[in-house]
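Presented below are the structures under discussion, each in the form of structure tokens.
Next come two complexes, and both contain subunit A; in the first it sits with subunit B, in the second with subunit C.
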Partner chain A sequence: MEKDKAPDRIDRVDARAKVTGTASYAADHKIQNTVYGLLVGSTVAKGRIKSIDTKAAEKASGVLAVLTYFNTPKLPGYTTGKDPSKPPTGGQPLRFFATNEIFYYDQAIALVVADTYERVLHAAKLVKAQYEKATHKTSLEDNLATAKVPTGPRQEDYTRGEADSYKNAPVKIEQEYYHPVEVHNPMELGSIVAFWEGAEKVTVYTKTQGVQATQKSISDAFKLPLGNVTVHARHIGGAFGMGLRTWPYEIAAVMAAKKVGKPLKLVLHREQMFTNVGYRPATKQKIGLGATADGKLIGLTHEATGNTSAYEEFTEATVNISRFMYACPNVTTRYRLVPLNVCTPIWMRGPGEATGAFALESAMDELAHALKLDPVEFRVRNHADSDPEKNLPWSSKYLKECYEMGAERIGWKNRKLQPRTNQDGDWLVGYGMGAGSFGAMRWVASVKGILQPEGKLRLQCSVNDMGPGTATMMTAVAADIMGLPPGRIIIEMGSTGLPPGPMQGGSNVTATVGSAVHDVCFAMKEQIAALASKAGSVFSKANSQQLKAEDLLFSENGLSLKSDTSVRLSYSEFFKQNGLPAVEVTKESKGTEQPYSSYSFSVHFVKLRVHPATGRIKIDHVVSCADAGTIVSPKTSESQMIGGAVGGIGMALMEDMVIDQRFGRPINNNLADYHVPVNADIPTVDVLFVNKKDPIIGPMGSKGLGEIALVGVAPAIANAVFNATGKRLRELPITRDKLLEV
Partner chain B sequence: MAKKGSGQNQAEENYLNESRRNFFKQSSLLTALAVTPPAFLKAAEEGLDEKAAGYFEKMPLAIQINGVNHDLSVEPRTTLLDLIREQLALPGTKKGCDHGQCGACTVHVNGNRVLSCLTLAVTAEGKKVTTIEGLADGEKLHPMQEAFIKYDGFQCGYCTPGQIMSGIACIREGHANSDDEIREYMSGNICRCGAYPNIVKAIADVKKGGQTL
Partner chain C sequence: MINFDYVRVSTIKAAVDAIVKDNNSLWLAGGTNLVDLMKKGVMTPQKLVDINNLPLKEIKKEGNKLIIGALALNSTVADNELVRKEQPLLALAVQAGASAQLRNMATVGGNMMQRTRCPYFYNTDMPCNKREPGTGCGALKGFNRMHAIFTDTEKCIAVHPSDMSVGLVALDATVLLSGPRGDRRIPFQNFHRLPGNLPQKDNTLERGELIVAVEIPENKLNKHVHYLKVRDRTSYAFALVSAAVAVDLEGSTIKDIRLALGGVAHKPWRLTEVENFLKGKAATEVNYKQAAALAIRGAKGFGLNNFKLKLAPNTLVEALKTATGKS
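And then the complex of A and B:
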């Protein structure tokens, strides 16, 4: 991206496919003679399967197989993955039917296969099991005593300066915060189509955020050479983290396809999306925060206890944000896990940071109130000019700019310092803000570029696009460098067999894949310049010097000499003269260890109204500001930020998977009872980007965006509710009942 | 969407009458079986239910989808959603919950928006169904499709077919007179990526354009 040039607002490149229904998601792939699989779940949360009666199901019309613990041999690689040091989880991954032990409610006890969907739906209801029940644990609150220190890296207790020194500060607060289980619930259900060619080769279309990772998981489980497993996931219907691992249902479907020797489609029910494919874990947090009378932080202690499953150890960076977010000499963090009889959690958008920021940013607001300080001013006074955890300079940080532009746009000057003093008719008006951060990462990606004679550029990478606009971002980067209109760039992505790209997670993709596209395009220009310098070419005749890429102009019409644009050739003529069918470049590109600390930052401002008699909360306006380095694709980036704000509104006001502790099962595992934001809940969301290049992270200077879009939204809302009502709610979601009972 | 001549309508009517007769014939057979349970159970034990089911489980269905007439044989328990996705190879309409809670499966039946997951296919007998695949006129997109691209009314695109079908109906119903009204009448279509503000902009823009939809 050239400096000071406003980036083009190109349309999402796969928009046409998405509005015409031709974008194919996993379950849309039609293969002849496909049969249907369905999982039957356990009705108990802990215990052992004594017996399963599958007779009626097996006799039902069209049924081809019923897989259970009693008739299914263990997979050759069923123990693979037992390595607690490897993310996302430590412990033994669950393999359906490899054990008769029940770890959680709705864990699959059978997989029924039939020739039509209607028939499998009926047959699955005929499977009956007998259990030897055991006492389950499903409540975080009731089992805090069993909390343990996790084994993963960066999870040990942390102290900078003096431990728990907030206790001695002149002004201090000490509070507990809680949020319940929140479920990703992408609109696309967990879906897989699997088919085998013989006993050694399998192809799957599945809902994954990384085809390479799924390929590895299937290859490990079935002990197949990597090359014998093909995974496709060009389009996935959202995931927000739930596609960051291969789930037991996917392995089970591949197993069932092998058993029946036919292509098999398995689509989870929405109910199973709550119980079998992860969620944001329930987390109890405690913050102690102390400052001098003039608002300089002295001490910060952040403790968090989240839940994991009874068979794996899932960790996230819940408390880590407190180590670097503010300049504070004394910081202590402690993180614990409680194993429960539930499915293993998985990272959900802005994973631990969103959880941690709810507590930290609420606490900052509480202390600002105690100090009688404006919450923005309080944060500015404690701005971390360098990373206090790593003792490194930031690669770039424009958080103060975010505070300023957001405060201006929301009308922060209209906020009253004293809560419950801003009334509009029957409504109480409140303003709140919260900041967020997430590590800016650049991993490794390979991209292949093929410039074709008709002036079309083909870019290939196995990375997929769950919605943020990865293909659009790649197009924007290449169009800018190659001087081509976006329509001339063809993206091939989302399949193994293409040059390997990263998982779509951790907000890394623009920095990782975008940089690889950048490198490929520049290498391609150099290669073309070298060809143009060859004796006999029109360019070498006009310019006897060895040509460099910058001596040439690249456009949709072909090449011309910068010093004399009348010297030009179309790509087709140029390739013909060089006897080449196309120019191909493949590059691996990765970030390097630098003596800098790289994070993206965001600030969210909220204006809302509360109706005191009914407890109704109406959000009027959200302003989300981001320091994410250079914004390559503004149109899709704005949508991504809006989406984060909407997710944060759900987290703050609605989302709560309620477990009936008597039975250890959810009581609201459907989209009517588990509330997510709908259109009427969402106001105008303004998105503001600092859009300044990070000079370290990569050639375009882009940091990540997906996580910071959500991190800090929930506390901004909680803080605005406090400003409106004077009531501090420390337990999410903030529902009317809680607001009215305080 | 209507592309049928009057001769075809007559043929359709005959067909519908024929279908009804078949249905009654089958129903009386089923009744006969129901009053002789021992014989039926014995047949089931001997595995004859498999063959019998193949015959009895299906009903004829005449339905027009995206302007194309289909004479089908479907199970009465088959939903309109599963019919168009699994049997007619029109996967543009999406399954998000199968309980009418999310709107991803929204299609038009005789011009009105319906949740195809809550609609038994046989109840659409003789009706005209439009799915997302039937909106564009060849290469020319429907104005609502154009507007969704212009305002980026989606991210992952999974709820989009349902949003677009609902958005068109929202205008047709006269429920797109303000942003707040659009928000209210589009609240049956969940978008987990959170594209709501852009969806509202797209619908408001099409409404402003004043085209007949």
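And then the complex of A and C:
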């Protein structure tokens, strides 16, 4: 395909299905005789279940079963002590009904099954439990003293050069930053439909970001051969990371379906989305940053303490960004965990990096201010020309271009170096920026392509599309190579049984699956060229040489010879002559270990205004720039970036799961009280891509985009608030009360 | 959700009779508040009496009074020509509430009757004197960021969440009721109440009394109005503090004025004393600031809501400035 060139702006291929309601999400799958399951949660945050009274629920009309610790045998996979649902890092995953221990508020203590949704709703309210309560811990800040080194990954402190050398720098800052728990809250609730055929075969429709991973979890838990577990997740109504593991509720639903011998549907309540399926952990961070008087970084220390659950260890790369983002000879990072009585966290968009970048990019702004330097200029002076952590060249890096085009578009020259000097009536105006990065990954994917006689190409891969536009990206890559209009390409995805693809996580999918589509299409062209070269074909008659793919023109009308386009055949004629129903190619494609360091980069610019008398804040303009290699699907890529900016605005100004520490439970676990931005909060978001090929990562040169869309947005806003008001806010979210009379 | 019966009535009498007969029944209007509370188990009526067929949707002028039927939709009220022309403050206040979708369902009567959004009221496993008298106030030492700064008791520091009611209390509205003992009128100011010893009681309505309409007297307060609602996001959020302002200006002298605050008390908070202070004075920021200082007298924070002690007067000043073009 033409490199460094944007193909046509393909519309999201499943947009029509989504807006007209024909796209089926997990809970939409209707199977005859489906029964309904509902989880009942613990009302205490720590302790033991003494007893559960299920009599009234069992007697209620339509009730088929009530599963609890007291009546549910452990699954075969639970006895091995091995972990059936692949916890993020260490510890023992929670298995509903396998223990009477309560680790967190709203942990499921029962699963009620009834013949209708209304009846299960009613019956679930009748389940009553007695607890032996224990003292819970739910506050990160109150329990920082109990922070411990992770036992699994990320336990090592990192030092490059001299430890904590920022302390000796001529100009330095040392500050603490905090953000509370943020919840993914995709529109689609966690949902699963499970049905068994006999005792050995089960099919589920569920909200997962990886059907193969879910298949493995279920097969491990129930000790079934992998092939006996079928998992479908074609459409997902957003996930942002919450679908990156198999949650206990999914296993419990499969258990319950088996017990009642009927197809079972279980949809979480919105409240349960806050308590049972992960979140971005609360994190306290400390940054020490020192530079020479002319703004060259000398030392950087980044410490972070995040929360995990009381039963598992979840770690993320919070401090890693500080190791490679800037050229700095002396870097120290330390990472700790505080176990709390809450559900285990899970990766949430820009996991680790978004948290770390909030601290690092705020601190960079603070130091730039101390140095009386423009924050962009300060970053340019400390640009890392190669990866200082791995000591490797970058596979590609166009961060400086991002700074430049973003500054131009936002009107950075209008920013005042001195904060609180730009006023518009009673409003204080400020500009801010923050940069982001995320590893550019390419994993393994297999894709099968089937070119059909009517000139339609079917592409199959088990990867799914949780909203970023994976199907559209696959279509764009194939359409470009095969000379087919997007409408001629059919994507079959999101099911086990299809050629295996990766998880939808870590922004890997375009590089991973896109490359496989690329390879399949090229192999298909070669295969067709070989067929066209066979004796007797019109092409070989017109061209005595062995034909190569580039000698042929591929279009929706079929094949023609490049050197003489009057020599042509439709695919149906061509296939008939070759006695083939279709041309099929399957390819596995993966990245290889290379002596390069691969990252995507982003820079976000924000212009906003603050009304100090009332604490109101209005974001006027966001410009998000990305170096993500070749942009193969510009329209869905822009949507990704806009979504990231919106998420970042939520992170900066609103998102906060409030826990009443006295009770150990969230008190704003609904979408009226847990705020995410509404349209009226979102200004124009301009998206600018460098759109230059990464020569290393894969054939198209595309790096990931989904995470960097968000990483760096929140600090850009906090920095703009400082520029507007002169007040530095180091705790998110920046709510109205914090801006009052600043 | 509990099982419940559902009936639909089409006359006021039938509506009142149905409720009086059955102690555990409630009227259903738009359902946007009641159904949520039922889902959460906070309210557990055994019977719902749907009143949407009652002929109470009309908005009309009668003599020098604007009469708005209790079943008029919030969106209809906000868009209504008469309302916008004669009582624009009300239109602004209604418009500031909830979201377009909710306003399309919500009724005037239901809006006045909506219950507090205090999280302790909403969560049945938490203490709340309003939901379950005697269990204590969860908010007092808890998450009370949204809570009252004017209260007559520490038994309940919840606020009334309605924006529309802040407009109505400012405009000297009257509530028209029909009940088992006949019809009754209550000045809007006396409709909602402070919690006192009965935090479970939001208002002075008696069992079986149906809100039929609200009535607003004509005034000259329709030229300089503003409803300023400060909230945690630009739309679709309850007020941290809101201020309703309507001014009759003669030159730059305040001839007449109506002021009320939302988000500060168990009821929409009319500021009669402050109005009297400003009447006859010049429309200046200096005067507004003095008025705001007066408005906040007697207020008290409970921790997380201390910021309202500044936000409330500042919001009032801003609203006054905007209404009178002094910003």
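Here, the second predicted complex is superposed on the first by the 724 of 742 C-alpha atoms of A that agree within 3 Å, B and C clash if a C-alpha of one lies under 4 Å from a C-alpha of the other, contacts with A are read in each partner's own complex, and residues count from 1 in each chain.
Operating definition for what follows: a residue touches a chain if its C-beta (ideal position, glycine included) is under 8 Å from a C-beta of that chain, and two chains touch if they have at least 3 such contacts.
Every value quoted in this text rests on a predicted model; they were computed, and no experiment measured them.
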First (subunit B), second (subunit C), both or neither touched by A:K296: neither
First, second, both or neither for A:E118, with subunit B first and subunit C second: both
Touching partner for A:D737 - first (subunit B), second (subunit C), both, neither: second
First, second, both or neither for A:V678, with subunit B first and subunit C second: both
Touching partner for A:R48 - first (subunit B), second (subunit C), both, neither: neither
First, second, both or neither for A:G238, with subunit B first and subunit C second: first
Partner contacting more residues of subunit A (subunit B vs subunit C): B
Partner chain(s) touched by A:R458 [first = subunit B, second = subunit C, both, neither]: neither
First (subunit B), second (subunit C), both or neither touched by A:V19: first
Doubly contacted subunit A residues - partners subunit C and subunit B: 118, 122, 672, 677-681
For the subunit A and subunit B complex, residues of the former touching the latter: 11-12, 14-25, 27-28, 30, 59, 61-62, 116-118, 122, 185-189, 235-238, 240, 267, 269-270, 466-469, 635-636, 638-640, 642-647, 670-672, 676-685
Subunit C partner contacts - residues on subunit A that touch it in the complex: 43, 118, 121-122, 125, 425-426, 611, 613-616, 618, 653-654, 658, 660, 662-663, 665, 667-668, 672-673, 675, 677-681, 735-737, 740-741
Interfacial residue positions of subunit B with respect to subunit A in the complex: 44, 47, 49-50, 53-54, 57, 75, 77-78, 82, 85-86, 89-99, 101-102, 104, 131-133, 135-136, 141, 145, 148-150, 152, 154-161, 164, 182-184, 186-200
In the complex with subunit A, residue positions of subunit C that touch it: 1-3, 41, 99, 117, 119-120, 123, 125-126, 138, 141-143, 145, 228, 230-237, 240, 307, 310-311, 314-315, 317-318, 327
